[in-house]
Structure formats: structure tokens, C-alpha cells
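Next, two complexes with subunit A in common: one pairs it with subunit B, the other with subunit C.
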Partner chain A sequence: MLRLDGITKIYKVGAFGGRTMTAVDDVSFDLRPGEVVSLIGESGSGKTTIGRMILGLTSPSGGSITLDGARVTPGKAYYRHVQGVFQDPFSCYNPVFKVDRVLQMIKNEYFPGVAASEWEGRITESLKEVRLNPGQVLGKYPHQLSGGQLQRLLIARALLLDLRFLVADEITSMLDASTRIDVLNLLADLKSRGLGVLFVTHDLSLGNYISERAVVLYRGQVVESGPTEMVFGNPLHPYTIKLLSSVPQLTTKWDGASATLRDDGPAAPSTLVEAEPGHLVRQDDAPTRLRSVS
Partner chain B sequence: MTLRVDDLRVHYRTLRGEVKAIDGVTFDVGDGEILGLAGESGCGKTTLGKSLIRMDGRMRLAGGAAELDGEELPIGDDHRMNPFRFTKVSIIPQYSMSAMNPTRRIGRMVAELLRSRGRQLDTDELGRRLDLVELPREVLQRYPIELSGGMKQRMVMVISTLLDPSLLIADEITSALDVSTQKAVARTLVEFRDRGFVRSMIFITHDISLTYQIADTIMVMYAGKLAEKAPAGVIVGEPRHPYTRLLISSLPEVGVRYTDRRLAGIPGEPPSLLDPPAGCRFRDRCPLAFDKCAEEPPVVEVEPGHHVACWKA
Partner chain C sequence: MTAVPARRHEGLYFAIRNGKLLAGLVVLVPLIVLAVAGPMFVEGDPNAYVGIPASSPSAEHWFGTTMFGQDIFAQFLYGMRVTFVVGLLGGGLAAIIGMVIGFTAGYRGGLVDEVLNMLTNIVLVLPALAVLLIVNAYLGIRSVGVQALFIGLTSWPWAARAIRAQTFSLRSRDFVDLARLSGVRTWKIIVREIAPNMSSYLFMTFILLFGGSILIAASLDFIGLGPSQGVSLGLMLNNAARWSALHLGMWWWFVPPGAGITAIVGALYVTNVGLDEVFNPKLREL
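Up next is the complex of A and B:
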């Protein structure tokens, strides 16, 4: 189990780092095997920072991240189990490396002892798992493949390792509606082999579609978290309610004014309260800061 | 009828030949109408928007004509288009974050822009429009870099519509925005139409559910051709073209769960437009395809205002 406990990230900003900006503020949740947790928030909510801290790309300013109870130290042993896939598949590849070489690097780094023939079998298997035809992608350069293929290939690459947790940061935002759903279904299918997925997104309908649990972030703080059907079916925090009402839907048209939270600087100290079993909601002054926008 | 486009063909010149990005599209946009243009990437929707205001160097008008307010729109002639741009046809570009001159204060930039078109800046009107999009009038004293992304977007919206164009092209303007900002921007566009700042609008997006919120009519394109065009409610409620149906059924809505109902994507990929296949271009991916699809289906008006290009519609 991957557990985040009171994770905080403070960036120094300003000309000489004189001021600080709290990007992530005391966030705790855990990611279990065979489960998709969606991390939902708008730009600047800290969702990507959380993903990057899990992947060891930035270090937390406070709190701890543990894998099976042991504190995480980024390194080969950790990356064997925890990997990330990011938003822009086109910039993730070295443009002069063919796909085979990208996959070969995994073998050189992590599985030097595996025989070449067996490795080939593993590649075929993991490509099949992401529904890619090996003949269509092997031997190609990244620019010869489509966004959906590249994104699936990144997942296949991660699957070659002894992958247990995957951080998927906005992986579908650059894909078409029809390809997007294929990648989502793929993530959902990977759950059955025991993979835990942290699905970072700003699209509530996508988060709702595949996740077991949802964590809603606002300005670095968790405002609501719990099983997806509770958070989406019975949203309690005003921010979640407003966010849900802004999602364009095919069945209903928008009504009433939309709303944003006024920017009043750091939020007042507040606590998460358990509204139903497993459904946490932040009790704060948000209702008074809601402002309607026509 | 504000805009009438007749059998428009726009090709891209590439080293390997001409890419037929728009291959015979006919449609019109009425007074006060918001036309939503939807489709996958590479279906020609951005090309269509661009060709109505400015073709870039690689684009070539291969045929067809456009007419705005009864006057011919010389879309193939970059120079002759100049009097129309900004005054009659205007665009809100996708990347409005970088659309403004970074070295000028915004107010000065707007004044220079207007002077270059031989117009005077009406400060009161500009102020009223800034109020409408909830921008403080002080933004005119600032540089673009001092504004946030959403503010820049709104500023560009105001500048683009300042001369009350007949036709406004909004190309994927909400794709980079969060849901709540997206909603505010989309509603502002409707407000602009209601107040008569723009007569009609082409709203380009890949997100059908967003188009549905604001568009009167939705036109779905596939591989450079018109697939279906109908009032927004009809496209969403009773689509006739199999591509529209598949596109809509692949959208996850809030409330749809993977465990309850597994959605499916559209298998396969759009055909290459370098040498598009004969017959219906959706044939290879279509679940309903039959022998007749080897012939190209004409665009037929199946009901008043509902055009479909499919043999099975």
C-alpha cells in the first residue's frame, strides 16, 4: 500500500525566494493495490505536485510517503514498483530512439539477466496487455505513432517492470474522445491484475468513470474525499458541488450562475470531518467565499 | 443568412503531395446562430475555421466559395481578405495566452490595432465591454504578462469582438481551461451574441458536451467532409450518422461508471487525407457499412435542418 501522510510542499517564490507558496497542504490518503483513486482539482490545486512527490521528482517539505510501511527513497528499487505516465506523450520519448530501444533500456537497467528470447516474449505480452499490435509499433520512431499509441506504449513500458502503482497525470487530456475512452478502459482493466492507479485529472466525468475513490483538492488542501459514489453522488463541500455543476453534460443544459471561490489568501485552519463512513469533508469558511460569476 | 459556404475545398501542400483537409463542405450559418463544429483531431475543423479568415502559407484554396452577408468573401486571396478581417470576420485563437503583443501595454496595443484599421478607440464602449467580462478597467494600463491565463483569454475575447464582426470564429478556446472557467467563458460568448457584439459564431471544439451547452446547431465533420449537421438537441438526442452516434456514446458523463456501463471507443483511425479512400470515408470503422458504402453518400436533408451524409440514415 502506498500511503501519503500529511504531505506538504512549500515553494519559495519571489526574486530571492523571500516569499513562500504552499502548493500542497497536509494531504493524506492511501492507494491500495487493485484500486483507482482519482485526484481531482483545477489548475494550481497541487494535484500534479502530489503526483511528482510520489514519483520522487520533487521532495516533500513535510510529511511522509510510505510504501508498505517503509519510507520511500527514490531509486531503482522503488521505480521497479512505482512509475508515472504524463500528459504529453509526444515529449516523453527521445525522438531519435526507436520504440525497441526504449523498451531495451528497461531490460539493460532492471533485468540484465533475462535471456533475449524471454524478454521478447515479455514485450509481446505487455504490448498485448495495452492492446497494441507489436508489428505496428516495434521498429518505429515516436513520430510515426499516434498519441493514443504512444500513451499506451508508455503504460506497456511501465508494465515490463514489476509494476504495482502507476501515477497517471492527465494522461487522456491530449487524446481524442474516442481514443480517450480506450485508454481509460485499459487502466480500469489493469486493476484486475492488482495495479493501483492514481488518476490525476481535472475532468470530473473521467474521474467518476473509472475510480473507486475520489480526492477533491482545492488550493493544496483536500476538501472532500471518499468512495466515488459518495463524493459524486452526494457532494457535500460547496466547492465540489460548484465543480460538478460546471461540467458540461449531454443530458442537461447549464442553469444558474457559475461560481468561483474568491482568492482570499491562505485558507483558514480547518479540519476534515467524516460525514458518512469513509466520506471526509472539510469544514471551513468556503461558503462565505463563494462568489457567483455570470 | 450570414455565412454561406459552398463546396469548400482546402488543401495543404506537403512534400508528399496535397493533403485534402477539407474536401467539399457546404453549409450555412444564420443570423444570430452559434454553429458548433465537432470532430476528432485531423477531421478538418480547425482548417475550416482558419480558411474563413486567413489561410497560412501551406494552405491552398482548391475550390468552392464563401459568402458573408450577401457579399463574396475572397478567402483565397490573402490581400483582398484584409478589409474583412477584424471588422467583418474575427477570430479568438486557441492560444490567446500568447496572442497579445508582450511589449505594449494592453490599452496602447488596442488603440494601435484600431488605428491600423482606420478606427478610433471608443473608450466608453471598451470600458463597458470590460465590465461585462468582469475585467477591471485598469488592465488597459498593464502588460499582458501581468494578467492570468483566464484574464488574457477574456481580454482577447473583448479585443476580437470590438468592431462587432458579423462572424466570430472561436477555435478550441476553452480546451486549456478548468471546468468553472470554461463555463464562464462559454457563457460570455453566448452573452456577446445576445447583445449583438457578434452576429453569428462558429464554435470549434472536440468536446460535444460543451458544444451542446451553447450551440444552436452542431456540425460533425469526419475526414474533411460533413458527416451530420442538425440542431444541437437533435445531434445529441437522435443522431442519424453512425459516426456521430459512436462519438457521443464514447463520452463519459458524470454518473456513468466503468463498473455499471463500459463505454467503447471507435476502433481504427481516420483515413489519411493525402489519398483519401473512395466512397464513404467512415466505411472502415463503421459497424453498419455495407456494399453501397463504396459509393460516396451525398449530404441529404432527412428532416428540415437535419443534414446527414450516410446511406443508412
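Up next is the complex of A and C:
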């Protein structure tokens, strides 16, 4: 189990780091094998920072991240089990090298002793799992492949390892609708085989589609978390309610008076209260900080 | 599209089909051969007075002679060798220092970057000439090697700054994160992920430093801070200028060294443009 406990990230900003900016504020949740947790929030809510802290790419200012009870130290041993896939597949490949390089790196670092023929078999196997045709993707340059192919190849890369948890940071936001559903179904497939997935997204419908549990972030704090059907079916925090009502529906059109989200002032100190079993909601000092503007 | 390039020799495949690269090398390679092997075929001191002063090119003296009767072809061959040595040593040293400092500062960021940046800026504003005068007065060492060393130690800062800036932007790209997630060590990420993305830029940096070193060496020679013995293309140019070769119509005195420097630096530039196309798959003409 991957567990985040009171994770905080404070950035120094301004000249000589005089001021601070809290990107993530006391966030706790856990990720179990065989489940997808959606981390939902708007731009700047700290969701990507949380993903990067789990992956050890950014070091937390406070709190702890533990894997099976042991404090996480980013390094080869940890990355064998915990991997990430990012938003922009084109940026994940070194443009001057062929895409095979991301797979070769895994071999060089983790499986230097594996024979070339066996390694090729493993690659074929893992490409098959993400429904890619080896002949179509291997030996190509990144700019010769589509976003969906590149993204699936990155998942295949992670599968070459002894993968247990995957941080999927907005992995579908650069893909078109049909490829998106392919990648989502692939994640669901991996989940059913025991992989724990942290699905970072700003898209509520995707979060609802795939995840068992949802964590809603606002300005670096958790405002509501719990099983997806509770958070989405019975949202209790004003922010979640507004967020859910702001999703454009496939069958309705803009009527000029839709709710918009406005926020007033910095986030106030808060505590999470259990509203129903497993369903946590933030109790705000000023619950009307969010209001509807027409 | 022509035949499918073999996997391993893909770079070579595109290299031998790149007109710019070949054109650059066609000029460069003979010049290098001339500089390396040429002096072996000239007997005696290139500064010896061997012919009739100020005679134009002839069968005996291919490039003519100077005001004092020195053979310009012999000077040209020896000068080319010295010029290549100064360019290689000075430019190479500056490029290495600039890369090490630029990559480290750009990749590490934070305090390391602040310190290295400060060092870079200090060296950047050092009055190189004044320092050289002092060094010269105290050490009194005047050889091509020391000259190249001095040029290398004073001309790296702008290269470091440019490389640092590029590294800054490249390190925030996701493929660097992906390499970290693959457990690749930091120096390996710099050398094998970041540097290849700017390989043509790095090569251009070297070429610019190479050309710059040759020119700095020429000006140092002129003010008498160059090697006390021998000959270089810069020294030839400056001698020609000092003895008014242009006004006397002695074109054979200044054209060979001038054309030599121009050919070396120009060919390196053209080679660089060609190499850019070989290194960067997006620029390849298929």
C-alpha cells in the first residue's frame, strides 16, 4: 500500500526566496493495489505536485510517503515498483533518439544481464498488453508516432518492470476521444490485475468512469474524498457541488447563466470530517467562500 | 525515400549523403593534412631569409616572399599548424570548461547555480589583456601552449552562460524525468539525454571558440604578447599590415594567411550546419 501522510509542499518564491507559496497543504490518502484513485482538481490545485512527490521527482517539505509501511527513498529499488506516465507524451521522448530508447533505458538499468532475444520477447509481450504492434512503433522517432501510440508505449515501458503502482498524471488530456477511451480501458485492465493507479485529472467524467475512490483537491487541500459514488452522487462540500454542476453535459447547451467558480482569499485552516463511512468532507470556517456568479 | 538505413550506421548513412557536411570536410581535411604534414616538406626555418625580398609568387617561392625575403609558403604551412594548435587547445579548453560549468549550473540549479553563475560573471568581466600583461611580466613564459591555455581560461564564460540557459529549459522536459524514473544517474542524464539535444549547438560553441581563439591569438601576437618564436597566421597578417603590404601591392603576403583563417573557420561553420542535419532527425531530408 502506498500511503501519503500529511504531505506538504512549500515553494520559496520572489527575490531571494523571501515569500513562500504553499502548493500542497497537509494531504493524506492511500493507494491500494487493484484500485484506481482519482485525484481531481483544477489547474494549480497541486495535483501534479502530489504526483511528482510520490515519484520522488519533487521532494516534499513535510509529511511522509510510505510504501508498505517503509518510508520511500526515491531510487532504483523504488522505481522498480512505482512508475509514472505524464501528460504530454511528445515531451516524454528525447526527440533526437528513437522511441526504443525508453525501453532500452529500462534494460540497461534494471536488466543488464538479460539476453537480447529474451528481452525482445518481453518487449513484444508488454507491447501486446497495451495493444501496440511492435512493427509499427519500434525503430521510429517520436515525431513519427501519434500521441496515443506514444502514451501506450510509455505504459508498456512501465510494465517491463515489476510494477505495483502507477501515477498517471493527466495521461489522457492530450489524446482524442477514441484513443482516450482505449487508454482508460487499458488502465482498468491493469487495475483488474492488481495494479494500483493514481489517476490525476481535471476531468470529472473520466474520474467517475474509472476510479473506485476520488480525492477532490482545491488550492492544495483535500476538500472531499471517499468512494467515487459517494463523492459524485452525494457531494457535500460547496466546491465539489459547484465543480460537478460545472461539467458541460452532452445534451445541454450554454444558456448564458451557468455557474462559474470564483474564489475569495486564501484557503482557511480546515479539518476533514467523516460525513458517512469513508466519505470525508472539509469543514470550512467560511463555508461560503465559494459562490456562484451569474 | 531511398533504401532503409542500417540500424547501427544510421548516423553515417545520413552523414555521407549530406552535401553541407561533405563540402565542409572537403575544405577542412586538406587544410588539416597540410598543417600536419606540410612543414615536413619545408626544410629550414620558415623565418629564414631565403629569397629576393618582396618577390611575387613564382615556381621557386609558390606564395612569393616577404619584404625581407622570407618564403611565405613555408610560413603559411608552419603558421597553419600553430593556428590549429592554438584553436584546438584554446577553443577545446574553453569549450570543456564552459560545458562542465554550464551543464552543472543548469541542471543542479539553486545554490550551485548561484555560485557558478557568479564565477562565470567574474571571469566574464575580467580584463583579459591586463591579466595577461601581469602574467607575462611575472612568469615570462611565451609559448604556443601557454598562449592557448590563457585564451582557454579566459574565453569560456559566455559559452557557460549559453549552455546553462539551454540546460535549464531542457531539464524541465519530461524525458529527463522519465530517465530519472528509470534510475539513470545524474551525469548520465546530462551526457546522454540533455547534451545530444544540443549537440550541434555544442559543436558550434566549439567552432566559435576555435575561431575566436585564432583571432585572439593573432591580436596577442600583434601587441608582442604572443610566442616569442615561430610563426602563426595571425602573426603573418600582422606583419603584412605592419609593413604596409596592402599599400605596396604585395597581396601575396596577406591573402594566404587571411584566406587560411577564413577557410578554416568557414569550413567549420558549414560542417556544423551539416552535422545539425545529421544529429537532428527532424531536419533530415528524406
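We take it that the second predicted complex is superposed on the first by the 276 of 294 C-alpha atoms of A that agree within 3 Å, B and C clash if a C-alpha of one lies under 4 Å from a C-alpha of the other, contacts with A are read in each partner's own complex, and residues count from 1 in each chain.
The rule is short, and it goes like this: contacts are C-beta pairs under 8 Å (C-beta built on N, C-alpha and C of every residue); 3 or more make two chains touch, one makes a residue touch a chain.
Only a predicted model underlies this, so the values are computations on that prediction, with no experimental measurement involved.
In the three-chain model built by superposing on subunit A, subunit B and subunit C fit together without any clash. Looking at the shared chain after the overlay, A:Phe97 reaches subunit C, while subunit B stays out of its contact range. Looking at the shared chain after the overlay, A:Val247 reaches subunit B, while subunit C stays out of its contact range. Within the superposed three-chain model, A:Asp182 lies in touch with subunit B and out of touch with subunit C [touch as defined at top]. In the overlay built on the shared chain, the residue A:Leu57 is in contact with subunit C alone; subunit B does not reach it. Touch criterion not met for A:Arg71: it reaches neither subunit B nor subunit C.
By the touch criterion defined above, A:Ser205 lies against subunit B but remains apart from subunit C after alignment on the C-alpha atoms of chain A. Seen from the CA centre of subunit A, the centres of subunit B and subunit C span an angle of about 80°, rounded to a multiple of 10. Comparing subunit B with subunit C, the partner in contact with more residues of subunit A is B. When the two structures are aligned on their common chain, the gap between the nearest CA atoms of subunit B and subunit C comes to 10 Å. Shared contact residues of subunit A with subunit B and subunit C: none. Of all residues in subunit A, only 42-43, 146, 176-182, 184-185, 188, 202-206, 208-210, 228-229, 232, 242-244, 246-251, 253-254, 258-260, 293-294 touch subunit B in the complex they form.
Remark: subunit B residues 40-41, 134, 149, 178-184, 186-187, 191, 206-210, 212-213, 236, 246-248, 250-258, 262-266, 269 touch subunit A in the complex. Residues of subunit C touching subunit A in their complex: 7, 173-175, 177-184, 193, 196-197, 199, 279-282. Residue ranges of subunit A in contact with subunit C, taken from their complex: 52, 55-57, 75-76, 79, 83-84, 86-88, 91-97, 102, 105-106, 109-110, 139, 141, 143, 154.
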